[in-house]
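Next up: the structures, one after another.
Shared between the two complexes below is chain A, which pairs with chain B and chain C, respectively.
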Partner chain A sequence: MEKNSFYLGIDVGSVSTNLVITNEKDEVVEKLYLRTGGQPINALRKGMQILADKFNKNIKISGVGTTGSGRQLASVITGADVVKNEITTHAVAAQRLVTGVKTILEIGGQDSKIILLKKGVVYDFAMNTVCAAGTGSFLDRQAARLEISIEDFGTYALKSKSSVRIAGRCAVFAESDMIHKQQTGHSVEDIINGLCEALVRNYLNNLAKGKDIQEPIVFQGGVAANIGIVSAFKKALGKDIIIPKYYDVMGAYGAALIAKDKIEKQNNITKFYGFNAAKNDYKAKSMECGDCSNLCEIIEITSNDEVLARWGDRCGKWSDTKSNKESAG
Partner chain B sequence: MKITFPHMGNTYIVAKSLLDDFEVDYVIPPFNSKKALEIGTKYAPEMSCLPLKINLGNYIEAFEEGADTVLITGGCGPCRFGYYCEMSREILNDNGFNMDILTLELPNGNLKEFMKRIRKLTGGFNIPKVIKVVKDTLHVSKKVDSLEKLTFKARPREVKKGSVDRVYKDFQKDILNVKGSKQILKSIENTKNKIMRLEIDKDYEPLKVGIVGEIYTTIDFFTNLNIDSKLGGMGVEVDRAITVSGWITEHILKAIIPYRKDISYKEASKPYLGAMIGGHAQETIGNSVLYANMGYDGIIQIYPLTCMPEIVAESILPSVERDHDIPVLTLILDEMTGEAGYITRIEAFIDLLKKRKERREIGEELILSGN
Partner chain C sequence: MKKKIGIPKCLLYYQYYPLWKVFFEELGAEVILSDNTTKKIMDDGVKLCVDEACLPIKLFYGHVLNIKDKVDYLFIPRLTSVSKNEYICPKFGGLPDMIKHTVKDLPKIIDTEINLRKSKKKAFTTALEIGQFFVSDKTKIKKAFKEAITSYGEYRKKVKQGVIPTDILDKKLSVVKKNDENMLNIAVIGHSYNLYDKYTNMNMIEKLKNNGINVITVDMVDGKIIDEKVKQLNKQMFWYFGRKAIGSAYHFMETGEIDGIIYLMAFGCGVDSFICDFIERKIRKNSEIPFIVLNIDEHTGEAGMDTRLEAFTDMIRWRYRDENNLSAHG
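After this line comes the complex of A and B, so read on.
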């Protein structure tokens, strides 16, 4: 292994696309937090462009890991060494930053998870299944409706003097309940605090039901920046909550760590195409294969008329022509 | 009369064998697909469970191909399945699909009514023939299931990824052109030999996962998004205690012929759930315990959204998980199921099982890693 190796971690999520560059000591030297905006390819290209402008000549990437719902796509465009699901990457990242972590609470843009670890191994996890009421995009929307910036949301909550109970089960009910509470004259601070408590209550009832939440507890994901939610968690659990320093990019950070581990263990050379790969033109096309009644939606990624990858088929007919099978290993 | 029947995994092979041998005119609906599900979702009540929706789609697609009678099994079922017969009949007729529904079961133990239905199906009543056909059908169902079990074992060990599925999927398609139990059995045997000849890694020791849950979603590969094949592709060996042949034997034949039922799962579930509460809840609990005792690495429970018996089972499973130290993942399916989230959960679960196994093998010391 040569000195000054850097690793790139990419997390393409539904709401944000995060990129991190880590060094030998597993420190983040650069992190980007971009809005995916429904266009993962564009977000990824933009991120790669920013990194290219800043680092292109001065840095050598020795390994790349991708994660998030767009992990396969990101892998095709960048030439990733590992493609990992977001549960594993989040767990790996939290363990690196907080030794002996036993519980990970994660709230992102559109999903939330809880991960429980025993002796450094994930032994249980859950992801939200019911609805997005407990996630970042809902808070975003409510902040916009109350005309306060999402960054100040938590500060408002902490100023609350008396608590207001908001129905947190469903985003639609929560919103109408909030409007009702506003109209009956409750202060904005109290309502925001009530909302934070409702969200936490919903999360704990939904995801953490029947689970043994043990310390140390780590809270990560974009919503961890919200001090109102953090304090609501502390209050509900009666336990201390740790916010790791890279809380908002933990998925990408974990992906970079896993890439590093793999490259070092197997003494491999990275498959990374280089930052300039993002300059190419990428097109994602979806089509419905009509050859059988499954009507699979095939996703095809092309660059300059060359097919890079296809996936989405059940029979393997399309993906076989360009093998990009995601391995679990 | 032109018969059709609902799809559930490989059941069509068994039904085909039965109807071929009885020389009944029938239509096999097009395989379960998004189209069938869309049609079913359109006509079924929103809160009904996924199997009803997809089966309605089957009937309507078969109706378009000329079918006028639906043959289904089990009507007095202990869950909503018990109403499927009447529900489907009403829904089909309300929407102008003129179809009759024939339920093969013992209506409240009324053997006479059952015989009447058999007669309607076979257009006569030749007892030796009925016995022979039923025997052959059962034989076919057992062979189909053992072929499936072979794929469970072969997939994780295959050297060339996807080779087992290629043979197996061809079989599932080509069997439509084969007629009668004899030919079907021959085709199964051929497929078995083909799979046995594939190159496999004999030394590979796969993770083992037991699949439990509601019968339809665990058996039907379209509905569960090919979980057998997905896990197999990840190098995991699966097993499923609930099978088509097992179901036919336990629920139909043994209801007619007094014969000792398989109760091992009932005994295993006793400390957690001592009574039959409907659906396959007791099987889910019992089989989970049995899998744990057999040294499986993990359990995946699958059920359609709103399935009451499985909701009860799900709330009991954490105790099994704790007592037997075996991780359980629950997957809930409905027509809105997004494949990406589903795969993420399965992948993370397999990562978890791998780490646990590694740790057990090398002792307590383990560096953190997701690879």
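After this line comes the complex of A and C, so read on.
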């Protein structure tokens, strides 16, 4: 492999941690989709290790971008050049793959979003509010309850012969509805299909209310792998849905694109610590600061006893002293 | 010894503190404020209050607990109406009763009704009633009320000039941090107790300012402008806050100087749920101004708030950059 320019995009989400390496033509040369499993640092280290074993000597990373709810954490560990929110990265990624995209539907592990674009620019977006019903983790949970692997979920839905209405507003309501329907004798296929329709209904009512959903429509995020949901979306909207080829790692892909853009425009050298940085031992420690009645929950990230970062404080006392080794602990 | 009167630092504190403070001090009382909202205040409030109430009402309980043992009186007026022919949220009217029946070992509560629905002049008779707790001399109360109105007028004047209310109340100025990008003007609509309580809204205004954004809030819009703008409505809006929010929203839409509008609402707020939807429809129908709704509740995870704020400002800047690119090429 040549020593060309490559870019690394990292998306640390609540359910999955995704890493993507892109080349100069914005093609994905490697993508990893790992379960975060509640341990973002471990997931990230594991991902970096896999990439290190495969590419370490062969490629040079020219820029790194991080995104997702764990974007700060990922940035500290890898030395990111850009740290971007998920809306922007998803929009950038979809636009790169589907020219003229007007609507982006995205359903991830703990959040869902809709992004509307006009003339290639985001002009409106919405994210789910206080509840995570209708996201990936909701489906995960219901699949586990029915003892079906989430990968087979969609296949079951497509086998449904008659539709069953399940409440989609709340995961708890949905669950009691499902139990009731099971007990009255509905088939698992019909119930799963009903669940897919409920999720789509909830998404459209919650996020897309009053919004003009125009084609081309792109559906991305981990849930786009679920053919049951895809078909329910097509049915509900009466429009065609495009699943982009990197649908499950679009956040990471977008982060890599934005990193490339920044590095090229500003002619910068990357801050990337190298793949081996992941070999270091990282520890996250949480503590409650008792200096005032805010009782902030401080997170401290250390590597070999060196404090890399602190956050979670409201007054800035802890986050400001992150480079000060003596004040650790 | 001076009588100590406690004012919880929440709800209408953000609107009327300069008035209340001067009034009570002129009457020879010492005004004691509860602390800024903290995790403990929130936890206490959530524990005591009925579950269905909105977060600001729950916080009120926490603030009462924070201050009740330090004072001789607690000022919890029964707020029915603060403007002609309009009402405020009914929970404000029930507040003194809710507190009395939940919180134990309370000091004396001043729960005089404030009801200006029929006439603004009622404010003076209400002041006379409240003043009786401290002095019996009516001339003294009258003078105190006059001073209080002056203080309130000065406060309103500064806010209308664009100063964030908490900058005046806390006596420290927050500054918009310059960054490489162009300055943006973002308008924020919401109840004052949501907009200016840094704990509950996770420091939203400061975060915007640190991102090179000039923040304009509903409180900065002149009452006369609001009166003028709400004439566009088919019928009179009977909520004080609703009228203020809708009038300001029309104003923000029509000035041509606002780059984006944020509606900050408390989860479970009845007034917000109506007004927010109403405003969103108007804005989307009549303008191209970016609009976003942000919800607050007991959350402590800041990632949700940060992501939305960041994405919203990114969206606006991206839009301008694109427009600039277009004009440069053709």
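Operating definition for what follows: the second predicted complex is superposed on the first by the 317 of 329 C-alpha atoms of A that agree within 3 Å, B and C clash if a C-alpha of one lies under 4 Å from a C-alpha of the other, contacts with A are read in each partner's own complex, and residues count from 1 in each chain.
Here, contacts are C-beta pairs under 8 Å (C-beta built on N, C-alpha and C of every residue); 3 or more make two chains touch, one makes a residue touch a chain.
This is a predicted model, so every value here is computed, not measured.
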item	value
Room on chain A for both chain B and chain C (clash or fit)	clash
First, second, both or neither for A:Arg96, with chain B first and chain C second	first
First, second, both or neither for A:Lys262, with chain B first and chain C second	first
Chain B versus chain C as contact partner of A:Tyr123, first or second or both or neither	both
Chain C versus chain B, contacts on chain A by residue	B
Which superposed partner A:Gly254 touches (first chain B, second chain C, both, neither)	first
First (chain B), second (chain C), both or neither touched by A:Asn85	both
Contacts of A:Asp190 with chain B and chain C, given as first, second, both or neither	neither
Chain B and chain C contact sites that coincide on chain A, given as residue numbers	69, 84-88, 119-125, 127, 129, 210, 292-295, 314
List of chain B residues in touch with chain A within their complex	30-36, 161-162, 165-166, 169, 222, 226, 233-235, 315, 318, 327, 332, 340-341, 343-345, 347-352, 354-356, 359, 364, 366, 368-371
Residue ranges of chain C in contact with chain A within the complex	35, 38-41, 198-199, 203, 267, 280-281, 284, 288, 290-293, 295, 297, 299-300, 303-304, 306-308, 310-311, 314-315, 318-319, 322
Touch list for chain A against partner chain C, complex	69, 84-88, 119-127, 129-130, 210, 292-297, 314
Chain B contact footprint on chain A (complex, rising order)	69, 82, 84-89, 91-92, 95-96, 111, 119-125, 127, 129, 210, 254, 257-258, 261-262, 265, 292-295, 314-316, 320, 325, 327-329
